[in-house]
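Reviewing the structure listed below.
The first chain written gets the first letter, and so on, giving A, B and C; residue counts start at 1 in each chain.
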Amino acid sequence: MPSSNYKMQKYEAICLILIVMVSKLILNIPYYIIDSVGTGAIINMIYVGVIGLIFILILNYLFQRFPNSDIIDVSEYLGGKVLKTIVSIIFIAVFLFVAYITLSDFANMLKIIYFEKSPLIFVLLFFMAGILISNLIGFKAIVRTICFVVPFTIISILLALFAVYDDFSLNKFTPFFGYNFQTTFVNGLLNTFSLYIITYYYFLMPLLKDSFHFQKITTASYAISWVLLFLTVISILTIFPIENETEPINSLYLLSRKITLGDFVQRLDAIFILLWLISIFCYLSVSIFMVNRVFAKLTNLSDSKMLTFSSTSILFGLCLLPFNIALGHILEDVVYKYLIIALVFGINFIIMILANLKFKFKKGNSMIHYG
Amino acid sequence: MVVPAIFLDFLTSGEDKNLNYQFANFLKFVRVIAVFFATFLPGFYVAITNYHQELIPSELLFAIANAREAIPFPVIFEILIMEISFELIREAGLRVSSSFSTTIGIIGALILGDAAVSASIVSPILIIVVAFTGICGFAVPDFSLTTSIRIYRFAYIISGFLAGFLGIAFTFFVHFIVLCHLTSFGVPFFTPYIPFSNLDRNKGFIMKPVWKRDRRNEFLNTKRPKAEDKISMDWRNLNAKQ
Amino acid sequence: MVKKYIAFLLILTLLLFMLTGCYDSTGIENFYYIVALGIDKSEKDDNLITLHVQNAKPSSSSESSSAQSNESKIYSVDCRTIESGINILNNYLNKKINLSHCSAIIFSEEIAKEGIKNFINTLGNDTEVRSTCNVMISSKSSYDLLDNVTNSSDSFSSRLYDYILNSVDYTGYTIDSTFNNFSSRLNNEQTQATAIYALVNEDTVQNFGAAVFKEDSMVGTICALETIAHLMVTNHLEGCMIPITNPFDENHVIDVNLRKVKKPDIDVRLENNAPFIKIDLSLQGSINSSGEEFDYTNPDNIKKVEDTCNEYIQELIRTYLGKITKEYRSDIAGFGGMLSSKYLTIDDFNKIHWNEIFENSNYEVHVHTQITSSQLLNKE
């Protein structure tokens, strides 16, 4: 049975989830939310937040019968090897896809701003080397690095957000219900795609030192992530009013360009890029670790470290596919949106419910232990 | 205690326990700043001047550009020359007898400073960067940390030149991953902060006042975790009552 | 096993070195930093623009013998677009133009009246342009403005533009129009844009009021005193000095130094499909000069000065509002945004067609000035 030797503590698990959320904030996810619901983004965020919280509480309850198990183990319990294979392949594909769009988007943004003449391979090789080295050294080191990086990244995002206080006025958020009620509440339901962190909750249990902290970890990390997302949406709505016809390539980066401290300190965006680069390195390392782990669980490998070479190569190959801004827009705004909703709130939730029902109606069951 | 060696031990000097705790903590912050600048400053300078010129305030930028007009070498070459010269002077100072050590210092100052700038080999701002880096290196209390910083500094310079802040972020990430992987007799290198331990039972970065140092570090797994009673200085209360 | 890791990392490092060529590493000295960009209509061809770029020299004396950066020069080129003009200049100059330290973007009045959205969006798309650089409209050509600024000071540096533009903090005679604010308002349907209007004389440049835009073309200007009214209404007043007639002696004038006390209380509502806007301002002032004998400790005297002040400011604000409503029909004060808070959805707000009904607006203005002191002397 594949084993992750290192078990995370509470603080480390929360930081792991936060680094995933931060990487999504650095992508243009908050702007896609604002684009879909307009000034109703605030009401919509509260609405989405409440739905997410209810979902997480239900998920905590559903996982109670499967301590120290993740979604792969549960799917094996429910549908045997067939379902386990299907779910594993889906998750490998999703983790690779999300890592691909994150890396592609960020690498292309770096190329536009700093590396005009260099080939894209040059930028990508740094990321690949970083992912390789971190995964070969081990999960323990990755998690500890994340614990150090997360507070600085959150402070940098909060600084970027509070720099907009000069332009802040309530008129920028009115009318409060957006374009119309249907867009804000019905179409706005699709904005639950911003809660990608819930994907990681399905895998968290076996990685924890004490699985009875699972509920606290999920609730605390969800709350902090939602607050960060909410503040980011407010700040971007302040700087890029909804009546504007222009759409920014990366709204958080453009936000950081507007920070000034007096007359002599301006254009601090490079420092923010430095901090965000480190957090993207951390996020990509975690993504590849999860790909390795799922593959090792699927094929019953004892050590998943060597898989890093193949998964990183696949990611590298994906990133070398022809990419332009229109393709990136479709991938992030359409494909990613529906994929995450289908995965998080659809397939896996149904698997959890069915597994719980099977457990309830089948007699002589003991608790399932894996990991 | 020499082992286990954690990162906080390298920032502490032996005399800190005997100073006022306020001043000892102030010195610790100064040492953290010294470690930061000794490691990153040359790398940041190379990255900013080659890739991120918009970070520098306008007036300073024009002054640097003006100063660099006459210099034939790129920044990376300049900085490598200066850093290697600095290391050579340091090594030379170790090998000569004490009567010559002041001469070495004067020659070093002349070569690295005035003459190099007059000969348009290096720019004045680079002298400031290298000198400040050297001073910060000397401010680090532990020799083994200094040696590690001196080596990693070159990695940051080269990666900063290759890819600006991307290179520096990559090097920092790899450096930190390697450090987080280190353990000393089973104790992680960044204890008690990574992994996060109870700071009541472990001594953290901020040194407590004398009357609060009643417990030994939990990660040492000592036989007797309590070093002294919670209220060990009874006479202070007695004096107050009288 | 360890040898494999080392071998792999060595190969990767070699690969990195081979693939670099350090394409994008450009030293500081290889850029030509410009501090101001000017755009005029070309005299040769109506379809072309004339682009002017101005560099700066450091204000501190330098030992370097470089001649290029000792003086400030203006280079001009006729081109179709800003980027093509910069490309032509890159070919002419021995260094690459860098816009990251550009403090001011100047348009001539002629070109501003034709529409500048394309230029602003082009510059907004540029990775180098700072969002804090200022947008100015020059009464004559932008070249005249650049030339006058260069000749006005011996130690010219990039700070000069900042000093000129920071006068908004203490005079109130102009506005703070950073590129970010200007471009977001230009693309905004609810609030129209304003820019600094610079009056170019023979040898000098004077910040004199603001240029008013409707959609992306300039429709007119408001003078310095009307700009003070604009700052008061939009809650951007830092400080200003206004002259009011001495209530005790019509031949003399009292200078009053004004500051805002709190945010103006503005209520916008629709009455019979016409906007009705009620403005309540609270200001605090101190008397800088009065001329003849005056006793500041007498409350009746202070009350008279306050009443005169209130009437004067009310009249000023009414003149400003009348100009932007009836003459220019441009909502630069952002009343549309304040009305939108009364609607629940954007669709409901769009039904009233704010831009069309704005010219029918009626106003009610109340000003409450509190004179607190007279600086150092209580009696004269």
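The definition used in the following text is that a contact is a pair of C-beta atoms (placed from the backbone, for glycine too) under 8 Å apart; a residue touches a chain by one contact, two chains touch by 3 or more.
Everything numeric in this text was worked out from a predicted model, so none of it was measured.
The chain with its C-alpha centre at the largest distance from the centre of chain C is B.
Measuring from the average of all protein CA coordinates, the nearest chain centre is that of A.
Put simply, the C-alpha centre of chain A and that of chain C have 40 angstrom between them. For this pair, chain A with chain B, the centres built from the Cα atoms lie 35 Å apart.
Note on chain placement: the centre of chain B and the centre of chain C lie 44 Å apart, centres being C-alpha means.
Counting partner chains per residue, chain B has residues 51, 54, 58-59, 163-164 touching two or more of them. Counting partners per residue, chain A has 114-115, 122, 126, 129, 133, 266-267 as the residues that reach two or more other chains.
Along chain C, residues 16, 20, 24, 100, 130, 159 each make contact with two or more other chains. Residue ranges on chain C touching chain A, taken from their complex, read 5, 9, 12, 15-16, 19-20, 23-24, 100, 121, 124, 127, 130-132, 159, 162, 166, 180-181, 183-184, 187-190, 334, 337-338, 340-341, 343-349. Remark: chain A residues 38-40, 112-119, 121-122, 125-126, 129, 132-133, 136, 167, 169-172, 174-181, 239-246, 257-258, 260, 263, 266-267 touch chain C in the complex.
Within the complex formed with chain B, the residues of chain A that make contact are 9, 11-12, 110, 114-115, 122-123, 126-127, 129-130, 133-134, 137-138, 140-142, 144-145, 147-148, 264-271, 273-274, 277-278, 281-282. Within the complex formed with chain B, the residues of chain C that make contact are 16, 20, 22, 24-29, 31, 33, 35, 56-60, 62, 64-66, 68-69, 98, 100-101, 103, 128, 130, 157-159. Residues of chain B touching chain A in their complex: 48, 51-52, 54-55, 57-59, 163-170, 172-174, 176-178, 180-181, 188, 190, 193-196.
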